[in-house]
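Look at the two complexes coming up: subunit A is in both, with subunit B in one and subunit C in the other.
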Partner chain A sequence: MDFAAIVVIQVLYAIASLALISLGLAIIFGMMRVINFAHGEFLMLGGYAVLLPVEAGVNLWLAMLVIAPVTVGLFGIVVERIIIRPLYGRIVETVLATWGLSLLMIGLASEIIGYYQAGAAPPLGTVQIGFYREGAYTFFVIGITAVIFVAVYLFLRRTRFGLIALGTMQNADMAAALGVNVNRVYAATFGLGAALSGLAGAIMAPIAGVVPIIGITYIAKAFITVIGGGTVFLAGTAAASVLFGTITQVVTFLSTSFGEVALLVVAVVLLHLLPEGITGRFLRRGL
Partner chain B sequence: MRGKALGLWAAAIGALALAFGLPLFVETFFLVELTVYVVMAILALSLALVWGSAGILNFGQSAFFGLGGYAYTIAVMNMGDSTVPILIGIAVPAVFAVVTGYFLFYGRVSDIYLGTITLCVSLIFFNLINSSGAEYRIGIAPLGGNNGIPGVPPLNVPGNPERPLDFDEMYMLSMVVLVLVYLGLHWLLATRFGRVAVAIRENELRAELLGYDARLVKLAMFTIGAGIAGLSGVLFAAWGSFIGPTMFSIFFTAQIIIWIMVGGLGTLAGAVAGAVLIQWLTTWLGETKIADTNIVLGAIFVVFVLLVPRGIQPTIARWLAR
Partner chain C sequence: MTGIKRRTFLTGSLAGAALGATAGAFPRFTWAQSGDKIRIGTILDLSGPFQPFGTQKKRCLDLAVEEINQKGGLLGRQLELVSYDAQSNNQLYAQYATQLGLRDKVSVVQAALQSSSREVIRPILRRSNTLYFYNTPYEGGVCDRNTFSTGTTPGQLLANMLPFMINRFGKKIYVLAADYNFGQLSEKWTRKLAKDHGGEVIASEFFPLDVAQFGPSISKIQGAKPDFIVNTFVGPAHAAFYGQWTAAGMKKQIPIASQTFGEGGEIQRMPPEVSDGIFVCYSYMDEIDTPANQAFIQKFKAKYGADYGYLGDLSMSEYMGIYLWAEGVKKAGKLDRNDVIKALESNISLDMPGGKVTIDPATHHCIFDMYLAVAGTDRKFKILQKFPQERPTNPGNECDLVKNPNTNTQFEAKI
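Coming up: the complex of A and B.
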């Protein structure tokens, strides 16, 4: 019984972490048709934006929930201006340019910070479940992921900026004709996606640690989740996270090293059956 | 125009004579270094075909390269003679390409989705090999996990494992393979099949409406490219007598893409030039430690995409044509 509870918690955690690390990528891809190949490095930057201030004595929660998203969000706005904007509508070139950015960021991080950055222990202690112990931080990750998804949904559906951004996504020319500054909307959207990536990287940092190449461990999972989800990016990312997270975790319980292989196989078969992702067929009218 | 064509032929013949005559003049050490450039040029040609000519956005060419290298290594360790293992090193990635390619092309996975999936395939191989510890063996060949497999047997004269190729012969063989692959791809692209592939790259819908099966053509190109990449992987493993999971790593994948981007997408000669240039640059940076390789390659990548999107070969060709 206790073991079953642990399994459920682990599966929920796998789903939540997948959804969390994919959300920033999903927003940028879903709203702007831009694949940010440097997404993993945005997560890395978010991680450092927690660890370095904490080392300097800043409160962990302040660094995680405020400093990291703001830093990476501002960085994203700069990146959008220099690299993304000249390449709008040219999806392949954007991928290549951001891939270059990803290498550049990895190089800079290993040059400036190096590989010996001290980590931060997961806060909140542990919870006893029968014979088992589970880090309370695990529950925090599951909870805050749900909160973030709801917040993003409400932000896009209920605020003025959200509606303008959604309108721009549907028809940029029409939005421009109605007096919307499309470039500014794109910049803000990219900044929002980057900020959420930074937040995700920050939340994962106490668990996964941060090294300059940490992004590589995230990027494949995030890509598969977003692409498996399809164009309706919020519902799609959530649905793909549930599917892939459950499968990865269950296979990992059975054999440690094949979880990711199972993830890939499922993703390839899924894309064979549903070339436009889960939301190409289901949940088409969501967000 | 005639004079220019004649000049190009003369330059090509001169370059070939220089390439093949080199062992007479230079030291063996230099030749050994040069061999890896030749091997990388072959790998570059494989992606130039798949991405440049057939328009398949393959971000996982390193998967076929590594698969070829590993297949050769495992086979030659078990068999002794290197003749059949070379063929296995070509066949395994080709068969793997048929299987994945079937899912991708017949599932109508296109563009960026294709790039992502192929990239993930190479990452999965990387993780899989990395986590396969010393206890995993195929026949007598240990997979070695993170550490790779040292002591890969060299190529030998067909049928005679007692007589391995020396460094000069290894260089010559790689050079011959490079020239043959280059000429072969030129020929392939001039055939009806090759031109259909280019037509599909230019406008897939139109080519299909004209009755060509884009899925089949793409699958064939993907497979040919995988076989060539596998062959270069074989040569690489035999050259360095070492193979490791870094052959699958995302950094290596990125390098192959940068070669093509720098040399010029859609050209064959440009791909070779790009591979040689960037390979030289990374070797030089590795030796002198002037700057982190990733910083330089990343900057080059961004600058080329933004400012020199055609790559150097077409840019120079246009400049010459003026």
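Coming up: the complex of A and C.
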């Protein structure tokens, strides 16, 4: 019984962590159609935006929930202005540019921060579930991911800026004709995606550790999740996280080696059956 | 990355052409200059997931070469390192090993981190008659006349660490290992050596190198209730285990012995709440408190900064590799591969920062001191026990390259 509870918690955690690391990409790639190969490094930067302040004595929660998203969000706005803006609509060039940015960020982090930066200990202690112990932080990740998704949904659906951003992504020319400063909307939306990536990297930092190359472990999964989700980026990413997270984690319980394989197999089968992702057929009216 | 730079190439060939025209007597003057140096090849992961290991290993190679050159070189000639970055990619290992053997014609290759990379380049170098040193602790058993290893074997590491852990904590062992030849074969040796010392492996799990989520495994370990864990984790993704293990409150419950912990700077990176209490067993540790090692560490700090990170035997083995090979060349008096191998097989022995190191002629591996240590709360290892002059022989190992020089295989644990 308590083992069943543990399995359920672990599955929820797998779904949450997949959704969390993919959300920033869902905005930047799913909503804006910008292929950001430096997404993993945005997460890495978010991790360091927690570790370095914590090392300097800043409160962990303040660093994680405020400093990291703000820092990476501002960084994202700068990146958008310098690298992304001249390349909108030029997919291959964007891929190359962001890939270059990814390599540059790994190189800079290796040179400046290196591999010996002290990490932060996972906070919150443990929860006893029958015979098993589970980190309380696991529940925190599940909870905060749900909160973040709801917040992003409400922000895009209920605020003036959110609606303008959605409209601009649908038809930039029309938005411009209606007097919207399209460039500013693009920059802000990219910044939002970057901030969410930074937040995700920050939340993962205490339990996954941060090294300059940590992005490599995130990037493929994030892209598979967003692509599997399809055009309706928010509902799609959530749905794909549920599907991939559940199957991966259940398979991992059966055999560790095949967990990651299962993710890829499911993604291949899914894209074969639904070439436009989950939301190509389901949840088409969501966000 | 090396290779011929265009400018030097142009200058060289122009100078050569000029000399060829004016001084016909010395047409190959420029070539003789560059050929004067003894070339040592190396392939390491200087970028990609294994960058932190490769970078530190390369520093040890550089330092050894620099020291030998300052003392006048080898056979009166300076050493030159021909270095390639394999970018943590085994295909590039194959390509660069071929280049080193056939194009660069180096005298020796000191290369590779992962066992999988070693098994890619070992046959290539053997075919091109290029002497090979593998300088990384590994699963042991490679028996190949062309290959020498300065890394530890299970007969040195597990055979000392397992009895210590079994005596202190109990018999039931849970193995967590990287899912490739290093992890797989190490797990076999763990089962074999645990049995030899009255212990038992109750379960083993293997993780592909990009797995960074260990929740299900941590639950399974709690269910299995082992007395301790033996891990063979490799790379940055696997290092995430320790934080998750601590978050689940398991650190005080079940102790961990690791084959790899600390060699990538984990002890500096992880907070003591996560790292303290992890047991390791290595042939070299930066903390060794002898005048020889203190002097070495001072020299390393002077060159690479006080915050150089951590070396461990993973990197020190590279330093040993260069010196042992150089000693062989000195004894042979020439660079010919066969003569150098014969010299290396004549019980060559050197005092290295970690203590005395001798090449065992039968296995082409090294005899050295082993240190059992535990990670402390001060981000340093505390050495608990020293096992002097441990032989590299694995139990039941049939490797004898003196008697059977044509052997070319890797002996595995027989269970």
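Annotations for the structure displayed:
Heads up, the rule we're going with is that the second predicted complex is superposed on the first by the 287 of 287 C-alpha atoms of A that agree within 3 Å, B and C clash if a C-alpha of one lies under 4 Å from a C-alpha of the other, contacts with A are read in each partner's own complex, and residues count from 1 in each chain.
Throughout what follows, contacts are C-beta pairs under 8 Å (C-beta built on N, C-alpha and C of every residue); 3 or more make two chains touch, one makes a residue touch a chain.
Every value quoted in this text rests on a predicted model; they were computed, and no experiment measured them.
Overlap between subunit B and subunit C is detected when the two structures are superposed via subunit A.
In the superposed pair of complexes, A:260 makes contact with subunit B and with subunit C alike.
In the superposed model, A:134 makes contact with subunit C only, not with subunit B.
By the touch criterion defined above, A:10 reaches subunit C but does not reach subunit B. When both complexes are overlaid on chain A, the residue A:110 reaches subunit B and subunit C alike. Residue contacts after overlaying the shared chain place A:169 against neither subunit B nor subunit C. In the superposition on chain A, contact is made by A:268 with subunit B only, not with subunit C. Contact with subunit C, but none with subunit B, is seen for A:252 once the two complexes are overlaid on the shared chain. In the superposition on chain A, contact of A:216 is made with both subunit B and subunit C. Common to the subunit B and subunit C contact sets on subunit A are residues 106, 110, 216, 256-257, 260-261. Listed in rising order, the residues of subunit B touching subunit A in the complex are 57, 100, 103-104, 106-109, 111-113, 115-117, 119-121, 123-124, 127-128, 131-132, 250-251, 254, 257, 261, 292-303, 305-306, 309. Of all the residues in subunit C, the ones that touch subunit A in their complex are 47-49, 51-52, 55, 179, 205-208, 210-213, 215-217, 219-220, 222-223, 236-237, 239-240, 242-244, 246-250, 253, 264-265, 268-271, 273-274, 307, 309-310, 379.
Subunit A meets subunit B in the complex at residues 35, 83, 86-87, 91-93, 95-97, 99-108, 110-111, 216, 219-220, 223-224, 227, 256-257, 260-261, 264, 267-269, 271-273, 275. Put simply, subunit A touches subunit C in their complex at residues 3, 6-7, 10, 13-14, 17, 106, 110, 114-122, 124-126, 131-138, 206-209, 211-214, 216-217, 249, 252-253, 256-257, 259-261.
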